[in-house]
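By written order: A, B, C, D and E. Residues from 1 in each chain.
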Amino acid sequence: MNLLNTWFGNWRSSVVGWLPAIATTIALVVLWEVLVEVLDVQRWLLPAPSVILTELSDSFGLLTRHAGITLIEIVIGFAVSVSLGVTIASGIVWSRTVERSIYPIIIASQTIPVITLAPLLIIWVGTDIMSKVIVIVLFTFFPITISLVSGLRYVDHEMVDMLRTLGASSWQTFIKLMIPSALPSFFAGLKVAAVVSVIGAVIGEWFGASSGLGFLMKIAGPQFQTARVFAAIVVLSILAIGLFAAVVAIEKWVLRKYPPTANQVVRLGES
Amino acid sequence: GSGDPEDIVVTLDWFQNANHAGIYEAVDKGYFEDEGLNVSVVPPADPSAILSLIASGESDFAMYYQPDLLQARNEGIPVVAVAGVVQRPLNSMMALKSSGITRPADLAGKKVGTPGLPWNEAMLTTMLEADGLSRDDVELVDIGWTLNQSLMAGTVDAVIGVYWTHELIVLENEGYETNVLLPDDWGVPSYYELILVTSEKTVKDRPEMVEKFVKAFNKGYGQALDDPQGSIDTLIRLNPDAEIDEAVDRAGVDLLVPLWESNGQPVGSLVGERWDSLGDWMKAQSLIDTSVVPSDAFDSSFGD
Amino acid sequence: MTSTPQASRTENNESVDSECALLSVSGVGFDYDNAAILEDVSLSAERGEFVALVGPSGCGKSTLLNLISGVLTAREGTIVSSGLVTRTERLGNISYMQQKDLLLPWRSVAGNSRMGLELRGIGRAESDIEVERLAGLFGLTDVIDSMPWQLSGGMRQRVALLRAVLPDNPVLLLDEPFGALDAITRRSLQQWLLNVLDTSNKVVLLVTHDVEEAILLADRVLMMAPNPGRIVAEVEAKFGDSISESDLSTSPEFIELKKHILNLLSDQENIQ
Amino acid sequence: MNLLNTWFGNWRSSVVGWLPAIATTIALVVLWEVLVEVLDVQRWLLPAPSVILTELSDSFGLLTRHAGITLIEIVIGFAVSVSLGVTIASGIVWSRTVERSIYPIIIASQTIPVITLAPLLIIWVGTDIMSKVIVIVLFTFFPITISLVSGLRYVDHEMVDMLRTLGASSWQTFIKLMIPSALPSFFAGLKVAAVVSVIGAVIGEWFGASSGLGFLMKIAGPQFQTARVFAAIVVLSILAIGLFAAVVAIEKWVLRKYPPTANQVVRLGES
Amino acid sequence: MTSTPQASRTENNESVDSECALLSVSGVGFDYDNAAILEDVSLSAERGEFVALVGPSGCGKSTLLNLISGVLTAREGTIVSSGLVTRTERLGNISYMQQKDLLLPWRSVAGNSRMGLELRGIGRAESDIEVERLAGLFGLTDVIDSMPWQLSGGMRQRVALLRAVLPDNPVLLLDEPFGALDAITRRSLQQWLLNVLDTSNKVVLLVTHDVEEAILLADRVLMMAPNPGRIVAEVEAKFGDSISESDLSTSPEFIELKKHILNLLSDQENIQ
């Protein structure tokens, strides 16, 4: 199958395959450094990568400590979002009435700026981890829900009929056919959510927190510690990439068990 | 000063309010024009980016806060103050009258809401210590930007980081009586809440322009001083789209007027000792490095 | 499995042709997009009967099986299978092997095969025994853990057949079950099917394009005509319950019957 | 096909079908009103629906004028996002090297809090419509890209082989097979993006704007005009629901031309 | 269409069996997951030759066609078709009707049928004429604008066949092209195929489970055995270019040949 590459290449080729990516990243960082130098951009506006790197190593302990707290919020928020998204999506797919009743509400929920919600949140749930979890959930359940609905909806109706002839109840059809065939879409939603959860946590921490990377950025900003803000962004990016990679790893593992068709990926550019 | 007027951009520290009455008077009465300056006053796109805009030359002048200026200089941002506007702290601690809190000592065991910025926390610490308590005697709650609401809702007993010329009035208009604790009454050095800021480069390269600008600027505040309510009329007239809350600003300007020339200092003045005392206090609170030289942070030569 | 309690219910239903008919279709009509696909289709089969359905491609054979199984709802007419009258009652109580194999791509051969048993709540261990019992006969032992995309076309068809026949339903609808199988594999599965029928008194309704297959296996061959689909002829074809084609295919009656049916078929297509 | 409902029911049943949705909405609004009344929630914290409604009608002209400006930003930002998303997704699917090089960058882009970006944005692109478009793009291109990648990736590889035997080039395979079969996923991404674009615009307007609903909320907030803030949220929600409905309508129209399987939707709850 | 320039290239390639062979497969081996599926498979066909390939289900017939068409790459051996040696050269220059119909769900019958022409840059108008020319013969005129999900199984198969044969390639690989068709429709398409071959000097390689079909259509019948797939027998079967089964099926030579092939087939399955 030369047209297709198997999901799991061997390790050797994997490492070689990453070289261009690493090269690109390094090139971009160097370009940034040079541009900051050449255009004489002040470091309090946009610090050069070297400055950020120095800050990263200087504040390593501080950053990792706060990153740990942010990560805990994200994990909890993400778990809540997945449960919520699966529940809502199931309801939407299950009945048109549920769909019509719930869609306007969940869409409206996405248009509320957190800054408006903040007073209510702080007054009703306080400024502990709960309020951050709520903000993360607000940011992440929507892509999970929409993607899952799409996946559940475009199921092969001939398969549905087949299962019915075997005596499947609606519930069995849902569990044994619709869920497995919605997995690729579901994971697309999870990938978006994984990344967005990071910014959700930052924003949650912006409004009332005493720790976490968002808090760190909030207090570093007015003190014009731009390098620290960017160092926090670097840590956040690593966090986001890590979460994304984790979702991709789980996706690979699950989709090896539940392949949508053959267990292969089409790569047009590599024949 | 002859020939084409010079285009000047001034960025405000916040949306148009009573604090800006003087600069709009200067615009309205043509004081800037008289100096050959074509000034446009704009509200900030992002308040936290204002000093960056000044340093990068995007904006020529800005109105901003003295402690923040020192913090910016601590990080090497080349900005300087060229005139004082509000000559006392506006930032204060506030509690509902019903709470019975009238001095820092009353806060023992109470919940204090802060916006979560180190600056406010340092201020609170000093105020507590001035009245015989320590930071650990109160519970600090970071409530972000929801100070008023939290206070009104009773989630916290007191808040720090609110303006006694703005939030106080807002709360009163909402029917809440409050007690205000001023930081400079409780150990915090009296500082300039609002100053006129420009960049070191502007001061160096265009001193005459700065001179002319500050002159007209101070004249504007002088005019507002003479007719406070008239200056609010001007403010509203020049900013029809700004949704100015008249009820708050009319009351606010009366509180502000005495602050524009407090301590017997004329409008626009900048006094060196006050920079030093604030600088020393900020250093003691580890808000800035000891290497920061407060006297470099302002240039009072333009106001004369 | 649940035929006894429901059979009594049928007594009150007047549209049921005969009490001993396990499967009875009467006056069924069906439309797609306002075009009549089936019109007044009636047929019935008694316990132990093997009925074959032949007809030109697109005449509505699969549609008829979809109606009987309960996948589709008839515009008019009644369908009763072992006393089950409504569409939803019939769903799950008739074994139906569709024309497409429709294997779930994420289930192995074993996983797909045991689907029908699983849906009835039969435990994994028990259903695995059932699957293994037939896997050898179906030639699927070697690929029992393979995924559908690793199978040849004929293997896929056999998995679909296995899945359909494992639940023990009184009526079996088979839509071209052997179409992708070579002669030898086909023969052995045909023989197995005849044996099942012999020992269990089920009804088999077989759609096939292979006229010889229809004659060899069925007790009766029904001929469908298209536009709209309807049954136009019924031919008795009793050639015993064991197939040994070498004897039959040269027998004059067999050749005659085959010719007869082929003529009927070509009449249908010419008229159309 | 009783198991299945066709996409397009007739109008009559459509209106009846919406009744439960309308009922739910009304019920929620009434509940809100009653709760605000009973719990004696202050109107500057959470105004009652009646108060918001009054504000809506009082400030109707103001709100619609600002909504118009926000809408223009959204439409431009959305168009840019779709182009960008399609380009990036195509690159990612086309080659593993592109995928590996670009993923870390686009993920990192999602972790940059707009508040950090604001000074740079203001200095580099000013505070005109461009800066809002950039924020909207930052918010919306990511779900579009990820969903499209997922759709393009899980294409039936047997179909790819079939097209190859007919002589299809990689490009033809992409256009004639992968794009059509990715449409359901693509639209899932568009739906998320449509809704998220609204909050993107609000946040874009938060940092440097003199008009738009975000601007209106920003200046209304500190003035305790909570009713106006919520009125703006209502308008934003209507905007978001409208955009979502527009994407759904386009999806229906396109997927009627490019049905993923049969042109039908499975509804488990309605037999 | 592009055979002339590429044919000259073949002269230099030593692994090509004979210059007049339009299709030549030699010593081909293929593995899936380290299990040998095909081992040392060789065959060749000259212009105008009709070769049938029979063998037990799962023995590797479809895999062989995938290799010839260029969908798969052989582990070893050479495949040359009208001078095209590499896999990518062959792709698109051999007409291949796969065992699955693989119709694009968003294209109508006409849209699916003209796919091969479209990919060659042939304009809509021209390709529509081509499609219409054959649609009648294929019995697809009535459903020319229908979508795949509105078709019966046999119709889908005919669309797939039509799509495969429309591009004018010198080699035709057909994997059970008539499996889902009734006897009459099948007969007319078989006859059409024979006519095409007669007039165009193409090579047809037909995979079928129907031994009669193989004998009736092909000049030679190749027998494959499984595990690993290989060609174990070759039978000449010259029964003329026109089919009238009524005459043939009773002829003793026909019956003899059929028996012979069936015996070969059942030997394969028993060994396995």
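The rule we apply is simple: contacts are C-beta pairs under 8 Å (C-beta built on N, C-alpha and C of every residue); 3 or more make two chains touch, one makes a residue touch a chain.
Please read all numbers here as calculations on a predicted model, not as lab measurements.
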Study note, to complete from the structure: Joint neighbours (subunit A and subunit B) are D
Exercise for review: Please name the chain that ends up farthest from subunit C once chain centres are defined by their CA atoms averaged.
Suggested key: B
Revision key, fill the gap. Busiest interface, judged by C-beta pairs in contact, is A-D
Revision key, fill the gap. Distance between the CA centroids of subunit A and subunit D (whole Å) is 17
Revision key, fill the gap. Between the Cα centroids of subunit B and subunit E the separation in whole angstrom comes to 86
Review point. Subunit D to subunit E: how many Å between their CA centres?
Key: 49
Practice item. With chain centres taken as the means of their Cα atoms, state the distance from subunit B to subunit C in Å. Key: 87
Point to revise | Sequence positions of subunit D contacting 2 or more other chains | key: 1, 3, 45, 115, 119, 123, 158, 161, 164, 206, 260-262, 271
**Study point:** Multi-chain contact residues (two or more partners), subunit E
**Key:** 71, 100
Point to revise | Residues within subunit B bordering two or more other chains | key: 48, 52, 56, 149, 153
Check your understanding: Where on subunit E is subunit D touching in the complex?
Key -> 66, 69-71, 91-94, 96, 98, 100, 102, 104-106, 115-116, 118-120, 147, 149, 163, 167
Exercise for review: Flag every residue of subunit D that touches subunit B in the complex, lowest number first.
Suggested key: 42, 44-45, 115, 118-119, 122-123, 127, 131, 206-211, 216, 219-220, 222-225
Practice item. Write out the stretch or stretches of subunit E touching subunit C in their complex. Key: 32, 54-58, 61-62, 99-100, 139, 143, 150-155, 158, 175-176, 179-186, 209-211, 246, 249-250, 255, 259, 262, 265-266, 268-269
Check your understanding: Given the complex with subunit E, which residues does subunit D contribute to the contact?
Key -> 158-159, 161-169, 172, 176-177, 180, 257-263
Check your understanding: For subunit B, which residues are in contact with subunit A within the complex?
Key -> 48, 51-52, 55-56, 68, 71-72, 74-77, 116-119, 140-146, 149-150, 153, 155, 287
